[in-house]
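Attaching a single structure in structure tokens format; questions to follow.
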Amino acid sequence: MKNMKRILSLALCLMLALACIPALADAPVKIGVLVADATGAEALAFRAYYEHYIAKAYNVEFIYSEELNTADGEKNAIDNFIVNNCKAIISFSSVDRPAQIEQCDAAGIYYAVATGTLTAEEYEEFKDYEYYVGAIGPSLDTEFRVGYDMAAYYIDQGMTKFGIFGGAVPYRTDMHIYRAAGMLCAMIDKGGEGAAYQGVTDPGAVIGMIYGTGSIETGKIGSLELMAYVGGYDFDDAWFGKLAQMAGTEGIEAILTVGSGVDVLGSFVSGSNVKLATVDSFTAAMGEAMNSGIIDYVAGKFATSIGPIFVATLNAVNGQPIRDNDGNALALDQGYWVATDAEQFAQYYAVDSSSEDPAYSKAILDTYVPAGVSYDDFAAFIAQYSFDEIAALKK
Amino acid sequence: MKKPSLFRNLLLSLLIPCAVLLVLEIIALAKGVRLFVNADSWKLFFRAVANVTLTTFALSINLDSGRFDFSLGSVSMLSATIAGTLSQQWQLGPWLTLAAAVCIAAGLGLIHGGVYVLTRIPPIIVSLGMALFYEGCAFAFTGGKGVSLVTRTDIIGFSQIGNYILVTAAAVALIVLLFDYTRFGANYRALVSGQKIAVETGIREVGNALGCYAVSGALMGVVGFIGMANTGSQQMALNFGSIGIMFTAFLPMFIGGWIGRYINRRIGIMLGAVSMALISLAYARFDTASSVQSIVSALLLVLFLIYLNNEFAILSRFRRKQEVKS
Amino acid sequence: MGKQTWKERIPAFASVLGLLVLIAAYYIVGAVRDANVAYGLKAIVNQSVVVALVATGAVFIYTLGSFDISLGAATGVSALLGAMAYNATGSLVIMFLVCVGVAVVLGFINSSLASVFNLPIFVTTVAMMSVLSAFMLILIGWNGAGDTVKVKARDVRPLDNIPFKVFILVSYIALCWFIFTLLPTGREAKFIGGSPVCARLSGINEKKLGIIASLISAVGIGLGAFLTIIYAPTLTKDTASSIGMDVIIAIVFGGMPVSGGPRSRILSAVVGAFSMGFMTQIMSMLNLGSGYGQMIKAAIFLLVVFIALGSQRGKLLTR
Amino acid sequence: MEPILTVRSMDKSFGATVALRQVDLDVWPGEIRGLIGENGSGKSTLTSIIAGIQKADAGEIRFHGQPWHPASMIDALNHGIGMIVQETGTIPGITVAENLFLGESDRFRSSLGLVSRRAMEREARKALDVIHADHIRPGTPAAMLDLQERKLVEVAKVMVKKPEILVVDETTTALSQKGRELLYQLMESLKKEGKAVIFISHDLDEIKQVCDTLTVLRDGRIITHFSRENYDDDAIKTSMIGREMQGDYYRADSEPSWQEQVLLKADRLTGSGLHDVSLEVRAGEILGIGGLSECGMHTLGKALFGSAMLTGGTVETGGKAYSDPGHATALGVGYVSKERDTESLCQQASIRDNIAIGGLKHIQMKKLILKKRETAYVQKQVDALSIKCRHMEQPVSAMSGGNKQKVVFGKWLGAGSRVLILDCPTRGVDIGVKQSMYQLITKMKNEGRAVLIISEEMAELIGMCDRLLVMKDGAVQKEFLRGQMREAEIIRYMI
């Protein structure tokens, strides 16, 4: 009997608690967001922009998934969004994009890719799907470029001894492999006579090699030298030891990281002359690291870079999808902002983190919301992603 | 009954760490690498000793009493998160931050223990619930951002060999004193193997259990702080992402149990941790791939357990062989 | 002789009542939040079926009073090898056999290692878990197609439907129920869980039971792996990694004591798995954000266990 | 003269079970008071309340005229009432000294606030000397002591406090003759000092010998008191069980008898403390094994069931050798352990489960276990052994010792065991049930089963066995036949 009472009271409490959640009069459009990372600085900056700016500026509600790392997780999350009557889904999760698209198309809700792009074959397959909005974000070529530029920046300063932190390379994550390959290829290109990575010089071959071993070999690349490499996210004593060892390698000048450089290596280079470069985002903590000289080079996706894909999705939900001139889904490339000194970083950060007037503010985005926005205008808008171009747009 | 000599006991206590060192040095020699090459290696070694010793204490305090604890990792994460945030807000120095982490972690342990003694749910289940709860707390507390102290040179500066030795020595000394030379410890040991009798005699089990959770928490607070000071950041974890640390404590706990036959068990655990730290150092020095690491570590655990559980049979076979020879 | 009064039976049904409460809450929240409740039911089946399968098999292991933490990793390895076998042969039957076969082999290694060397199963499975997780990474490397192992979605789609899954789940539960209730195996397992010494002195072969339990549970793992591929044919190093913990939670949620013994029940697993399914849906409808969501989930979990525990509280603290 | 202790109108219940109702008791200076009653009659509950282990629901206790509300066992002990409990009261994982001063380590705090082990061991030495237990060393872990030594540690623990009232709850079963004498001496000296002893035992002979007055409890009530002058076995037994005993207590016949067929044969068993033990038990024979508790007879029981670690020797039944309990069971050998609660029963499991587990083979129909058949099978045993219970789903943990033992018997009888190895079958069982057990064992004999009784109770062995083997130091010393067993002679071979 006691049990019965307990259970009944539990049930009552639950119901009361639920009744307290106010039913909104003017129900907002629900948009589901699939995330592969719930805690990274970049992911959090994205989320803050959507939840604290976009959701207020437009009558939408974002429902976030849990951190996803499997295809069945993605599928479950999309199912949950469908249950919640979401009208569209914006995806930051890439385990099985084709499956996501198929599932959304079958359920009749719009689907957009906010980071990365589909492969060429995938795009061919899905470009004419009605509910596939498209993708706006860095392509793998852009990822390659980010790594390349990072390495080139230091080589051009005359540095010759490097370390690489490969992040998810051992897990064969495309994005990180392309960035790392970019770094190696910059070394090959600028390493002078006979520079090669494990005997190959062609970017395709370098990428293939990294996919094969899930690791990067140290050694000379022409006149340059890759002195140390660490990959993975083990977070155990041995792994931290390897990172410290890399930072302490005799003669090493710069450590290039494919991501989360400050979090995993910041403390080890702190106080030394080793330069640290990373692909990350423009956060307060990163700014401090930049000020104190721990980090030297940040290529980052600015938090508001996901504004346009929201506009495209919203338009589709409103029945005015933006399709390319052949009626296909969007596939637009978007690049990174790169900060190489504290002042520049501060400037980026100020604009990027503002919840009143962010880079892609409502004023700018609204230009592309009305019906009949042309694909060319929209594409041109996306192409002007650099800091200065956006600043110009704001004026 | 003859009392075994102190010398023999010491020798046997050092057997495992020395054997591990010897084997690793041989491998190192074969590979042409040196195990201890510079300050970084020593730092890694002593940090690992500190981490593993404290974690193993934290695990074994409750496990010896049959209380499984999946929440260790989450306690270390949440305490470091809160202490780190406070440190940022009030510019606390490393020792104050450490103290804050320890106090907070002890509090978290106490809450965990409180839920356990109030609800009387089996401890393993409570610990699962608390692990989830604390992970959620840490996430909610920082909005998922975690803590970044990378620019705090004072905090990062804590990562010194001297500090690691100090922390480890202090922890070992305190734990030995607390569990072997106080009333709390005497009651604890009585409860471990004679719960019913001890309670009937009038020992307050609830208070003792709460104390154990608090001490175990406090130790994890230190571990959390060491980790945060080492990397300058505290990452978040959800959905049991924090429980992994518990598994690193099993092997040193078993090794500690074995060494404990010859010397104080808690010092045995520290020697077990020394062995593990040597292995961690070797992984780093030999640049072992993480999948190979996992497999080797797992094999070591299983092999040692096979030895422990079949010691009698193995030893008697060994002796018989010797008899045949002679 | 008298019969049990209904009061004495309540603890046995507390978990079922818990599930009913969750279902009621699901409908209420669904109404308030304007959700597609009917679709949600389908989603819950899809999401819970693998955990229910693995957990149902695991009941045998838990009944013995042991604890297997490598279930998730074993499911992952079985699924990866199953998918690779399919890609090599193009036969769903072979994929099915490989999934179940690999799981059975792993279960056999686990349990015979434990029984030959008298190891505590829990620690063996801790070691097994890390070996298997490492092995998954190695398999993905061997497969050589990026960070995933893929089976063509359209090849498995015909099987990706609720009736098929429910059929597999119900058949497996029926099989387990049969073994657990109608064959001596279940009785003996409960006895071992309740008192290993007494069981041995009653002539029960503990080691044999340990191996049998592992093998039965392995079949569940294999089926779970098979359905995982069917449901989401792109596998990663993290595939099924959450299953190990989900299974523990489901079994506890379903009202079974973690220490096993005479009060173990086969249906606990399925009740618990579906309770979790409903809870996940409710949480997602409430859209609370990851941190708070998880805190509430933890609180509800403890509350349900607390209630299910009923009046079984003694003077001493539980261990 | 005033009583040291008065108990008035004490009530105590555990859930629905009433353990004590309206109990009044006076304990006088210089008396040794015996408490006797069947299992579950409330003896242990009453004394454990007096000794601070439990709290009464209602009623009043006065000690030396003052209200008595001990907070715990240690509190009671420090204020003058100490109890030696029935079960093992030492903790294996800590030393003898720590056991002696359990919960009191504060007494040995040095100036630094730390507990001084040396001081503690010094005190412990003194305490052990009080009871002349010179051979026990204070620094030894209790786990390394044998049962008797551990009991002595408990005795020392209580005696060092010089209690006004000493409660001895069924302690003597764990003690050898020498240990008993020691305890009796201590009790006598307390008596001489004008203190009091409350003595609980199942052994009527012992209690009559030791106690000045006897109080009989039944169903939680005080039934009557006897003083030494009017001790009468029949009257005491009748008041204990509430009716007159019918029929014989032990076997009626006085001649040894058995059939030709050898059902259990052990050949040169060696290891785990046994040395070259060989024996045979024939159909329809009751073979007794006697000796001091550490003589190896309990190990022999396990060895005959295939569950002891042996280095040599064979056991066979019906010509088939076996070496593990599973095989033994399949061949029709059953084993009732001395440690009933932990080794012969699964406490959380129901009566049904505990009985059925032995006979799954018999319950199975076409390999299946059907509930109906199972119920019938269990019901048959419950009826045959008249097991007292509300229903068969009741967990055995809530049952009395005698009833539990019946369940264990039910498990093996149902399974159709031809050979039964009974290790202390009547340990902790009260007279009423004991008698029915003896009748049952006689019935087994008559049915042609081979029964082996290992017991520490001489009377039981003499009363029941066709043949008795006396063991000492792991080897058989002497064989006696029924009709030739003389207690004094038997004891000579035991020690």
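Lettered A, B, C and D in written order, each chain numbered from 1.
In the analysis below, a contact is a pair of C-beta atoms (placed from the backbone, for glycine too) under 8 Å apart; a residue touches a chain by one contact, two chains touch by 3 or more.
Small disclaimer: the values here were computed from a predicted structure and weren't measured.
J.: If we define chain centres by averaging CA atoms, which chain lands farthest from chain D? Would you check?
T.: A
J.: Hey, which pair has more contacts between C-betas, C-D or B-C?
T.: B-C
J.: Centroid from C-alpha atoms only, then distance chain B to chain D, rounded to Å. What do you get?
T.: Taking the average C-alpha coordinate of chain B and of chain D, the gap between them is 43 Å.
J.: How many angstrom between the C-alpha centroids of chain D and chain A?
T.: Centre-to-centre distance between chain A and chain D: 72 Å.
J.: How many angstrom lie between the centres of chain B and chain C, each centre taken as the mean Cα position?
T.: Centre separation, chain B to chain C: 30 Å.
J.: On chain B, where are the residues touching two or more other chains?
T.: As it turns out, chain B has residues touching two or more other chains at 139, 143-144, 238-239, 290-291, 293.
J.: Residues touching two or more other chains, restricted to chain C: which are they?
T.: 137, 289-290, in rising order.
J.: Multi-chain contacts only, two chains or more: what residues does chain D have there?
T.: Not one residue in chain D touches at least two other chains.
J.: For each chain, which other chains does it touch, given as pairs?
T.: Listed by label, chains in contact pair as A-B, A-C, B-C, B-D, C-D.
J.: In the complex, go through chain B and note every residue touching chain A.
T.: 38-41, 43-44, 47-48, 51-52, 139, 143-146, 148, 150-151, 153, 156, 159, 229-233, 235-239, 244, 248, 277, 280-281, 283-285, 287-291, 293
J.: Inside the complex, what are the residues of chain C that reach chain A?
T.: 7, 10-11, 14, 17-18, 21, 24-25, 28-30, 32-37, 39-40, 42-43, 46-47, 50, 137, 140-141, 144, 146-148, 150, 153, 228, 231-241, 280-281, 284-287, 289-290, 303, 307, 310-311
J.: If you look only at chain A, which of its residues touch chain B in the complex?
T.: The contact residues of chain A facing chain B are 38-39, 41, 44, 47, 66-67, 170, 215, 232, 234-242, 244-245, 248, 262-264, 266-267, 270-271, 283, 285, 288-289, 291-292, 294.
J.: Which chain C residues qualify as touching chain B in the complex?
T.: 113, 117-120, 123-124, 126-131, 133-135, 137-138, 242, 245, 248-249, 252, 257-259, 289-299, 301-302, 305-306, 309, 313, 315-319
J.: Please name which positions on chain D make contact with chain C in the complex.
T.: Where chain D meets chain C, its residues are 305, 307, 324-330, 335, 337, 342-350, 353, 356-358, 360-361, 364, 367-370, 379, 382, 389-393, 395, 411.
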